[in-house]
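In the two complexes below, chain A is the common chain; its partner is chain B in one and chain C in the other.
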Partner chain A sequence: MPGEDSLERLRREGRIVIVGASLAGLRAAETLRAEGFGGSLTLIGDEPYEPYDRPPLSKAVLLGKASADHTELPRLRAVDATWRLGVAASGLDMAGRRVRLADGGEVPYDRLLIATGVRARPWPKEAEAQLDGVFVLRTRDDAVKLERRMKIGPRRVFVIGAGFTGSEIASACRDQGIEVTVAERADAPLVGALGGVVGAVAADMQRENGVDLRTGVMVTGLEGDSTGRVRAAHLSDGSVVETDVVVVSLGATRNTEWLAGSGLGAGPRGIACDAGCRAFDFRGIVTDDVYAAGDVARSPNPLFGYQFLSLEHWGNAVAQAEVAAHNMISAGADRRPHMWVPAFWSSQFGVNIKSVGVPSMGDEIMITQGSLAERRFTGVYGYQGRVIAAVSFDNTRWLEFYQRLIETGAPFPPEFETVDRRPEGRQPVPADFPDPSLPTHGPTVTLSGYSPGDRQLVFTPAHP
Partner chain B sequence: MTQSSLLGQITDYANRADPYPIYAELRKTPVLHEEEGGAYVIGSYYDILHLLHDPRISSDAANLAAAGDDELTGPDSTGLPPSFIRLDPPEHDRLRRIANSSFGPPHCPRRIDSMRGELSRIVTELIDGLGDAREIDLVDQFAYPFPVTVICRLLGVPREDEPRFRTWVDPLVASLDPDTRRSADTEFQKAAQDARMQLGMYLAGLVEQRTKEPQDDMLSDLATSQGADGTLSMMEVLSTAVLLLIAGHETTVNLITNGMLTLLRNPEILQRLREDPGLSVRIVEELLRFEPPVQLVPQRTCIADIELRGTTIPKGSRIWLVLASGNRDPERFTDPDRFDPDRPDIEHLGFGSGIHSCFGAPLARLETQIALAELARRLDSPRLLQDPPPYRQNAVLRGPRHLPLAIGGVRP
Partner chain C sequence: MRLVVDLNKCQGYAQCAFLAPDVFTMHGEESLVYSPRADEAQREKVARAVAACPVQAITAEGLNTEPLPEVSDAR
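Right, the complex of A and B next:
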């Protein structure tokens, strides 16, 4: 078969290019080599650094327990690659199979992996965003600058946005005795990710730790002094908070601009790809030589109604990179789907928060173990009679069990008894997400099997 | 129970030296239930792992009592309130957190590592103590005295009291063995009872003294702990101390003994260890997979119906999780019956998993690494005098009762 010949040739002497030299890029490169890819490998990254880890930037680094320039990702094996660091990819010629570089160069490929991730969304008013003392936190450089400023002992840090990163920054401030105000448009922190019931716990946790938490407000403007340093933030309720450090923590934007006009199905919501990580072109036809993985990718997940999920999760980036790498150098039948059950963790105010599944799809939540008041609990989210997600505060060792409930489409609310069930955990309550964008649910798909080796997707048509 | 039933074969002493063929048989029936009212026995790796993380499974002594005793678990005979190994959350979590705050990270990250020198000294003394003997019993002369000395130092039992302390611990540990208990005469039982009383009183005195004048030891920390979780009552301190004493005793003895036995059966690995003491880390992990001292966890009950591989385990049933069988499951480990410290991933079940996973694991690992590396280095041409050696009765905490060795001498 000629296909097999060319696959063999690809594996032996093909050219694979990876754009984005961070977590997903590195893990993909390692997987390619581990699976016997013997051709040439090029990694292109616009940051001047070797791949490093981001989660510590808002945790250990801000706490002064690790240094921002020492969070390199551990290397799992030698990748024997050409590294083009400090230069951005600026364009893609799909027909000619070349990546254009910002320095004018071009790199040809036989297979391309795009892992350009996301960047922090800046403060929208440009002049205000330029003020000295206004920061975002996504990169190592961001972390170095912010950490340096925090060390000089600011009178007050002002955090815009109480998602995970914003909350972790607030936690780091309090840990070091720095006054901090957090402004959040929703009624509580983490509401977008975990809903109002859990958000209320997070709000208590912040206030109890001395955070000046302002919810249900918007920041209308940042004010600078005559020397161009930020001095205050103005809120929609008319209040003004004096501050000398502002951290803008308003989520992320996908790094896809460089693909504009390339013909790839890439846009502000990321790069759409199939479950095998092959990218779609803008017509919705799947390519066979361009792959995507990590924060920049959006792929359909059978377990969640085939919704295209884009996940900014560390574990997802690793798993998806491994699948993409494997599929790039494998024939059709040997390819694998990326059947990742989303999982996310965060540590803040001394509490380990972890979630599995897609909480934001849930319409109800039931606290099956522990208690909200003690801030040690496991909550299960339900959607249309199925378990769709779970979250735990300082209770992570049980989550694996709930993950299996998600995978097997277990009924919600769970009827069974569990250890540490409290009276509050007998009934589900509305999960209280601000703006439910619920997908329509058709057929049910579940995972079956007891060991990784015999896992299978089971398809059950929807009842009319 | 008939001796031909699989369950009967697991407990049958005749199979103690090599229970692994029976476990292979067990894995053919993923959920084994041979007798009305009897335990549900689970032997496959992934099933065990899942059940250890399943909140429908309870470790609570009261649930267990309601399910009735079986031949492996009797009533707790320490006379103290249940310790955290026999409790569910939230009590389990609270007690374990407090205990951990004086044992491991984040509050006490250096406790174990700072004992390294002390552990080496104890090992050196014990090996020196073998003198000029050409025949030794590794159990009585080394593996048995080592862990109890370590626990004494950890808790903070004064050196001069250690011999007295051990005269109480020995009958107490012996009395926990179900077989000893079954066959024990009244005199033995009375002796065990006395030992328990004396140990309790001694520890209570020590706790009182440490409450007044805390020192850098675990008993002081337990007695004076005052965190978000509140304080421990005197009874809670005692039951926690006794738990550490018992849980870390026979287990570590067996790991060291199984270790030496396995190394002598695999001389090329023993030789590698001699040349590279660092190999002890991998050897100990592989031992925990290959010859785990805790063969099965029999004290679980389910508090809801559990559906597993097409079988429903009804609420209230007791469940045995056969860790040693999961560790040899070919679905998880390639070539599982081979002792191979070079395996790429040795994620064994030897310390359990989930919220009850072994509290003392970092200490047990360090103790055994040091012990095996030193034995390999210092024993000159050791040889097994009996293979298989005589085993203890106990099917749960399985290990040789004696390990008679011939040695050419002891190197300095």
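Right, the complex of A and C next:
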């Protein structure tokens, strides 16, 4: 069959280009080689560094237990690739199968994997964002700068946004004995990702650890002194907080601008792809030579009503990269779907927070084990009578069990007794997620797209 | 040496923190904080930690990865 011949040729001498040289890009490259891809492999990354791990940047690094410029990822195997580091991809010619680079160069491909991830959303007022002492935390360079400033011993750190990153930064500050104020627009930290019931626990935890947590407020402006250094933050309730370091933790923006006009189905919500990681073009027709993986991708998951999930999760980047790489060099019948059950972790104030499934889909939560007040518990989220997610605070060993409940569509509320069930866990309560149409810090799981049941098609331009 | 821990897998058994305390420490009861780059002098201890992890969550270059060529292919 001619199709098989061309696949064999691709595997032997094809050209595969990966845009994005972070976790997903690296693991995809390793998988391609592990599965016998013998052609040329090029990795393009806008940062001048080889692939490094980001989670330590807001945890071990800020706790002084690791250095921001030494989090390079271990290599699972040699990838024998051409690395174009420090140069961003600036455009895609789908018909001509070429990636354009910011330095004017072009890289031709037979198969393309896009793993350009996300970037930190900056403080929207540009002049204020430029003030000395105002930081974001996403990249190695961000972390080096923040680490340096933290070591000088700021009088007070001001964190805008109490999502996971913001909360981890606050935790690291308290660990180092640094005064910290956290301003959050919602009524509690982590509500976008975990809802108000768990958010209230996170709020207590912050306050007990000495965080000056201000909820239900917006930051209206940052004020600099005559030398251009930040000196105070102004809040919507009229209060002013003096500070010398501001960390903007307002979630992330997907790196898809470079694909504008390419014809790919890419926009502010990411790159739409099928369960096999093949990207859609803007007409909704699936391509067979362009793939996407990691934070920038959004793909339908049958376990969650075929919703298109885009996940800013470490484990998702690894799993999706492996599936994408496999499918890029496999024939139709050998291809695999990416059906990962979302899972993430956060470590803050000495508590291990983990979740599986999609909590933000949950209407109700039931504390099936332990107690909220003790901050050691497992909560199960229900959606339309089935278990859709679970969260644990210092109770990680139970999560695998709950993951199986999610995978098997087990009924909610659970019909069985659980170890360490308390009176508070007898009945489900509303999970109390904020109205998704109101802007808040980015939840780690974003639901978008439309189930087959409500066939609406909305065109989202690349530049809103 | 470079290392990474899959913290989705990690269940806080703390074997690594016991066997290689300069690289792995527990922060609270079940949160692991680790240094992604360990001194060569720690290799033996890290190897024991890798082997002892009940959920096999630790990946350390040269211990449980395929050998890399002498000349790194990274820039």
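One rule holds for everything that comes next: the second predicted complex is superposed on the first by the 435 of 464 C-alpha atoms of A that agree within 3 Å, B and C clash if a C-alpha of one lies under 4 Å from a C-alpha of the other, contacts with A are read in each partner's own complex, and residues count from 1 in each chain.
We take it that a contact is a pair of C-beta atoms (placed from the backbone, for glycine too) under 8 Å apart; a residue touches a chain by one contact, two chains touch by 3 or more.
Everything numeric in this text was worked out from a predicted model, so none of it was measured.
Participant: Applying the document's definition of touch, where does A:228 land relative to chain B and chain C: first, second, both, or neither?
Facilitator: neither
Participant: Between chain B (first) and chain C (second), which does A:65 come into contact with in this model arrangement: first, second, both, or neither?
Facilitator: Touch status of A:65: second partner only.
Participant: I want to verify the contact counts: of chain B and chain C, which reaches more residues of chain A?
Facilitator: Of chain B and chain C, the partner in contact with more residues of chain A is C.
Participant: Check the residue A:108 against both partner chains and state whether it touches chain B (first), chain C (second), both, or neither.
Facilitator: neither
Participant: Go through the superposed model and pick first if A:397 touches only chain B, second if only chain C, both, or neither.
Facilitator: Touch partners of A:397: chain B and chain C.
Participant: In the superposed arrangement, does A:370 touch chain B (first), chain C (second), both or neither?
Facilitator: It touches chain B, and chain C stays clear.
Participant: Between chain B (first) and chain C (second), which, if any, makes contact with A:345: first, second, both or neither?
Facilitator: In the superposed model, A:345 contacts chain C only, not chain B.
Participant: First (chain B), second (chain C), both or neither: which does A:411 touch?
Facilitator: A:411 sits against neither chain B nor chain C.
Participant: Using the superposition on chain A as set up above, list the residues of chain A that contact both chain B and chain C.
Facilitator: Looking at chain A, the two contact sets intersect at 397.
Participant: Quick check on the complex: what are the chain A residues that touch chain C?
Facilitator: Within the complex, chain A contacts chain C at residues 50, 53, 55-56, 59-60, 63, 65-67, 70-81, 83, 85, 314-315, 343-345, 347, 349-352, 354, 394, 396-397.
Participant: Would you mind writing out the residues of chain B in touch with chain A in their complex?
Facilitator: 30, 44-47, 50, 53-58, 60, 88-90, 93, 303-305, 309, 315, 331-332, 354-355
Participant: So in the complex, the part of chain C that touches chain A is made up of which residues?
Facilitator: Residue positions touching the partner: 1-4, 6-8, 10-12, 25, 27-37, 59-61, 65-66, 68-69, 73-75.
Participant: Any idea which chain A residues touch chain B in the complex?
Facilitator: 368-370, 374, 376, 378, 397-398, 400-401, 404, 416-420, 450-453
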